[in-house]
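Input: one structure, supplied below.
For clarity, chains are labelled A, B, C, D, E and F in written order, and residue numbers in each chain start from 1.
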Amino acid sequence: MTQGIANVSVGEQFEGFLLIKSAEKGVASNGKPFLTIIFRDRSGEIDAKLWEITKDDEEVFTPESVVHVQGDIRQFRGKAQLNVRQIRLATAADGIHPEDFMEKAPIPVEEMQEYMTKIIFDMRNPNIQRIIRYFIKKYEHELFTYPAATKNHHEYAGGLAHHVVSMLKLGKQLTELYPDLNPDLLYSGIILHDIGKVKELSSPMSPSYTLEGKLLGHITIMVDEVQQAANELGIEGEEVMLLQHMILSHHGKAEWGSPKPPQIREAEVLHLIDLIDAKMNMMNRALDKVKPGEFTERIYPLENRAFYKPVMD
Amino acid sequence: MTQGIANVSVGEQFEGFLLIKSAEKGVASNGKPFLTIIFRDRSGEIDAKLWEITKDDEEVFTPESVVHVQGDIRQFRGKAQLNVRQIRLATAADGIHPEDFMEKAPIPVEEMQEYMTKIIFDMRNPNIQRIIRYFIKKYEHELFTYPAATKNHHEYAGGLAHHVVSMLKLGKQLTELYPDLNPDLLYSGIILHDIGKVKELSSPMSPSYTLEGKLLGHITIMVDEVQQAANELGIEGEEVMLLQHMILSHHGKAEWGSPKPPQIREAEVLHLIDLIDAKMNMMNRALDKVKPGEFTERIYPLENRAFYKPVMD
Amino acid sequence: MTQGIANVSVGEQFEGFLLIKSAEKGVASNGKPFLTIIFRDRSGEIDAKLWEITKDDEEVFTPESVVHVQGDIRQFRGKAQLNVRQIRLATAADGIHPEDFMEKAPIPVEEMQEYMTKIIFDMRNPNIQRIIRYFIKKYEHELFTYPAATKNHHEYAGGLAHHVVSMLKLGKQLTELYPDLNPDLLYSGIILHDIGKVKELSSPMSPSYTLEGKLLGHITIMVDEVQQAANELGIEGEEVMLLQHMILSHHGKAEWGSPKPPQIREAEVLHLIDLIDAKMNMMNRALDKVKPGEFTERIYPLENRAFYKPVMD
Amino acid sequence: MTQGIANVSVGEQFEGFLLIKSAEKGVASNGKPFLTIIFRDRSGEIDAKLWEITKDDEEVFTPESVVHVQGDIRQFRGKAQLNVRQIRLATAADGIHPEDFMEKAPIPVEEMQEYMTKIIFDMRNPNIQRIIRYFIKKYEHELFTYPAATKNHHEYAGGLAHHVVSMLKLGKQLTELYPDLNPDLLYSGIILHDIGKVKELSSPMSPSYTLEGKLLGHITIMVDEVQQAANELGIEGEEVMLLQHMILSHHGKAEWGSPKPPQIREAEVLHLIDLIDAKMNMMNRALDKVKPGEFTERIYPLENRAFYKPVMD
Amino acid sequence: MTQGIANVSVGEQFEGFLLIKSAEKGVASNGKPFLTIIFRDRSGEIDAKLWEITKDDEEVFTPESVVHVQGDIRQFRGKAQLNVRQIRLATAADGIHPEDFMEKAPIPVEEMQEYMTKIIFDMRNPNIQRIIRYFIKKYEHELFTYPAATKNHHEYAGGLAHHVVSMLKLGKQLTELYPDLNPDLLYSGIILHDIGKVKELSSPMSPSYTLEGKLLGHITIMVDEVQQAANELGIEGEEVMLLQHMILSHHGKAEWGSPKPPQIREAEVLHLIDLIDAKMNMMNRALDKVKPGEFTERIYPLENRAFYKPVMD
Amino acid sequence: MTQGIANVSVGEQFEGFLLIKSAEKGVASNGKPFLTIIFRDRSGEIDAKLWEITKDDEEVFTPESVVHVQGDIRQFRGKAQLNVRQIRLATAADGIHPEDFMEKAPIPVEEMQEYMTKIIFDMRNPNIQRIIRYFIKKYEHELFTYPAATKNHHEYAGGLAHHVVSMLKLGKQLTELYPDLNPDLLYSGIILHDIGKVKELSSPMSPSYTLEGKLLGHITIMVDEVQQAANELGIEGEEVMLLQHMILSHHGKAEWGSPKPPQIREAEVLHLIDLIDAKMNMMNRALDKVKPGEFTERIYPLENRAFYKPVMD
């Protein structure tokens, strides 16, 4: 692949493969239809215009398809825009995979799987262990392809698993520093807390909210599923309710979407670990883009703060 | 029964049957144990002291038992207090029922049952109708004995059913005034919205919050149960999710305990009807206690307002 | 009239009568003046440009005048825009009434008048009845032509009366379900609560806020007028103050513009009915525009929620 | 008069005249009725008990009457309490005036009257001047006897006038520093802004809220009265509305009871001056009671802050 | 100087000297670079485009330099825009000073200096006097050239000193009306409260926030400096801490940036005076731009209110 | 020492040594003076009364002195109360140390010192290392004796150091999980963030807020000291400002007392670590007091939540 679409400059030519993230039809002032497309590759995104399109074009150049594009980079209202001169669908012959155009978790899937397997293997409470294994099996594929969110943090392929693994590592340290914490409860809460997202979001690649996601939300979806899994596995006892409570309360307070606040120690810690890992992910990725002595862009979910990158070492 | 314990005056004698609402042991300054009891009958409550108790007394005079009491009414820190001189457990021979000491819904149970049966019979959507019938059957007894809350509104035997029936009547009027409303959705939402309270609260007579009630809450409990009922009945389709959404959102906003706000018309109306019926119940009961030209006590859940009872007609 | 200006498509021609809602002068990059106009008819609105205008045009094409227009529909920044080729003022010969270009209440004025007359006739309290008759007479014309608001809900000709009549119907049902409510107080509160809008807003057709509306507001204006009416009619007694209180408190709390919260039962109910009818109006009109299975646009005054239209029946 | 009831110590005897601020009947544990009285004189207040009272006592020892009392000072729950041994109503022969038992404004009434007369005399706008004169005449007596509030600030006889005069002085300085301010508007706003309190409060000596005060409030009452005064005096024009706006908005924002925020410069300044004078009055009176190097009690309406009195000079 | 760049009309020619406030490079759709400039003079600002620039132009036409410009006024997206035809840097021969292009305090610097000198001379507390003299000397130049803020109020050359002097005058009046106030504390608080801005802001002419300003803020910077000054001058005692407290608390509450609220009388008054002077400055400048009978633009820091300019006199 | 004063039961006798935490004089209804004392030992606290005291008693039995007490345990208003029969000051012969009556950090001081020494030794940035060493030396004694707060968390002897050491351990784990974090910045922020408490609080044993603590607060005090230390040590550069920023921002947001929010990655992490360690300390200590299956008392600074201790293992 080339240098990446996010790195081309105004005035340059571009030729290469890109993924269509979205495509919307408009009608120009001359009455001719055109497409407003957002292309992406692993480096980022660019806006584009495809002028005077045919009915065919409209049906072919749709979201999640990969295309080969030639064009030049213009400036439009202060932003780079790709003016498409030639475009065609990628073919099998091109040997191109849509996944290659998505940002990916920085850790290989296998490594993440292994880490989680180990954690689950070490669990001492058999009820919790069985429930976790049930879900790891059920969502085996989704867990390692879905993002953890549509934007803000871990919003890349495998982001959900990456978020879970980082939190497990953090959780492990905390159970060592604060030995009163029950590791099984904490780890199982971490693994399950966001899995509901695989039903809340429509797809791993260009996710939008499903109807179920909008009307019920990932928290309620997952609390439900834990109950059904327990029924199916014939498990009864406090563990089931405690797991449901941890999922239910992990946003920390009612205003943030948890109808019950954490009321066991491990639930409070789950909430705090979630916060830390999400914040670190956002800060790190924003700071990676700036030089020492500069401020990042404002980060909306971090109370719209900009962060300074020190010069000192 | 007599005039009612809430209506005796300081200086008077009292003799009659009372229900023990709560009983707590203390040790007096002379080192002797005593019980601080709250007695109740249908008219209300009174504080009492039972001095120099035996081990036996402690075990016998416990919450939810009915006793025959003789004593006089004193004043203690500005409140009437019953000074017990004689006390014994009621016996079968007394022909006394604990329920007779609870405030009751002002409508007979049969009338409420009949009204609900009629509403359910008229439902056109078979999926909704089957789910509602499932729950009416499952919680047949609890629905007509539990209060709708531990305090504030409809906090009396059968209060839950009374609240539901009043809301159904209101809902019926609204579907006539606003014919776009789907009656089946609205009625089923009304019937199910608070049933989770029969698991959130410990008992109909002197309810406290159960562990499940504290960690999950009646909303989550019921959303879960609807899913399980649908599974059991083999029902699929939008209706199940819409019913869950209505239960989930009926508190109106996140701060009030609904992780998702109402997103269908009937859910919004359910929330509003719930509000009106709860507020009317609180205002009416407070205003019943004052004379024209007076203000009620401040009502905490109504933003701590006092209400004026007009003199004009 | 034609299909309605809100229903034309980009690329089509338009010819017909339209009302000028607003017109603002600009100067083009070639130095020539032009007008940016918003036209409307009963179906909705469209933006338009009238290029290279004369002094005369500027004086003639002003808000609230009706014109005959020919032009074609273009797209500008994603929105349809009418490019005017010919335009002239409507003449008497055209037989056109400005009112025909406004959205109207869905119930005929006569029916609304009749309903209100009946309600007032049935009042038992003569003082209240006289005050209400005084205002019905005084604002006879405005009540049935003004909108209830400049936007959000009932923002159409006769919207004020439509809002009042819907609320009266709701109020009637509530007095039946909760017989402690005083119907005279409730109905009179409903009728008067928003009449101050006829002085707060500048005109029924393209209303803006008057100076009095901005500095005092419709609530204060109307509380004042009730006092003056009572003085004029020689009425004294609690009723006057209670009516003033209901108007004053109908927004429910200080943050929403009511310096005193409702402190009588009927004032609280007035506030709740107002809420319900406004919300139903907003939801119904938004849901009318979408198909089953879709969400409406976000509705700002309903906490920016979008509403889902179920597919099930 | 003696040293003042606020200055006696536990263990001392007291003999002298006191005003009854409030008196409430109770029944003792021996079944005998008694009165819980709050006595006051200019130095402050004391709680008292009058045991084993007769029907007569109950009718005679009522709020706002002056009595001659003998008794000793005890301590009850950490506070001084006057244990009454002898008590009788003051008679004409005692030459006692109830006003002598109230705290008073630190400036003589005549001086305040004179200052206000001068300010009004200098007004240039005849409409404003006539309206102000109308109210000064109408409430001549109340203005100089009522407090400005029931507690917190200027809560003494003549406190209302004292507050107005302080604010007028402050206003005068501000019109000199910021010459764009219109003195007539500002001064008239200052004089009228709180006069509604004479109808909101029941009496100058032991004020409680009237029904009108609770349901409408001093702001609405006064906005109404300005309209009626203008009608009576045949005055029309912007001045009337501006005066109403200043009264309406003087609490600054909706949450604080002003349905409209200040929208003219003089209204904003009126709000700020009101704030300063109320705060200075509260701080000064609290700091007067402590020594250098100490903190005052927490002052609730000043965000519950305690203020430090510096040692340095 | 000419009529001022803020007063030219679309279609007119402009020739004269202007200050470059900001200049940003862009690339046109023809691939050629251009500058987007904001010019300013004492009357206000105008946007401008300088097309097809050279490398030289880019380096020469930078912020804070003065240029001689010829061009015509166009309209672009509803705003006037200066289309530059000729431009050159001002030379020594032109006799132009950048300061002449900034708005200035309405009082001459000498007069402000004199007023402050007098106030300081009259101080009775030698410790306070020495600290104030230390800072007046240290920031002699900055105090009379910096604005008091980057926008909103006193955002002009010398605005900081102007704000201080107005507040001192107000403070003087208050110490006369409320003689309990300690003038030395109040005046010294006024003089120091905002001086930290000379380190928080980058320059008097086109100020932006410095790194220190962003990470520490003017309040913390100044509290630090007072401590260091006291150390340097060998001053100990309560005065130092009280001065620090006044600076620290002058924003009034935590949400507004003061980690401690005012806890001495003079600190509270400092906060209130600051509020009044800032608000008067904003209101006066907005009202100066409109005619009687009109409303000002909405003023964001005044809760986004628009103010009405009365017609009456 | 005995079983501990917190563990005696009503009706028992007590004899042993106790520390006087506070002592306040009152006058009984018989006119005799008495002392209300709070005693404490390492197990907790108890209220007590010492009747009919002499002048001597008053002067001798003062806070922070240790006494030998004999008495019996009564119940007063639902709480245990020690009725003192004999009391005398502890003498040298008793071999008693006031520190023995305080709760202590669960880790020995030497271990904490060693851990911190190691962390500081490993720092790579010499400026930061020198500043930290300066403060460790300056507050060597206070750091290991002061509590971290007067109540809520780590409110015991050495609590400040214990809090710092726990946070350092947490910080160490985080720098490993998130290698972008600068360890020197993070560790130095942790060590300094609360040291200002040694000046904010009056003493390690029965701390109250100092005047400086009230008017400036520990954050401002410490930001000042860092500046002075840097001056003294001749250190300049970004490090000083970054350390000040970390201290300043460690409460996270303005409402919580930080005038600037965290704007570097390490400051955000410092805030989060502080939160976690404080919360863990509060939860652990509350849960230690209850049995599995029970809820703790409500913990006010944890949003008044009660926490459940699971039964499962």
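Worth pointing out:
Please note the rule applied: contacts are C-beta pairs under 8 Å (C-beta built on N, C-alpha and C of every residue); 3 or more make two chains touch, one makes a residue touch a chain.
Just so we're clear, the structure is a prediction, and the values are computed from it rather than from any experiment.
Chains making contact with subunit D as well as with subunit E: C, F. Where touching is counted per the definition, the chains common to subunit B and subunit C are A, D. Ranked by distance of CA centroids from subunit C, the top chain is F. If each chain is reduced to the centroid of its CA atoms, subunit C and subunit F end up 62 Å from each other.
Distance from the subunit D centre to the subunit F centre is 45 Å, each centre being the mean of its Cα atoms. Multi-chain contact residues, meaning those touching two or more other chains, occur in subunit E at positions 211, 214-215, 242, 263-264, 295, 308.
Here, these are the chain pairs in contact: A-B, A-C, A-E, A-F, B-C, B-D, B-F, C-D, C-E, D-E, D-F, E-F.
If you check the complex, the residues on subunit C that touch subunit A are 10-11, 74-76, 78, 295, 308. Taken in their complex, subunit E has these residues touching subunit D: 124-125, 166, 169-170, 173-174, 177-178, 180, 182, 185, 237-239, 242, 253, 261-265, 268-269, 272, 275-276, 279-280, 283-284, 287, 295, 302-303, 305-313. Subunit E makes touch with subunit A in their complex at residues 26-29, 31, 211, 214-215. The touching residues of subunit D, when paired with subunit C in their complex, are 211-212, 214-217, 219-220, 223-224, 227-228, 231, 241-242, 244-245, 248, 254-260, 263-264.
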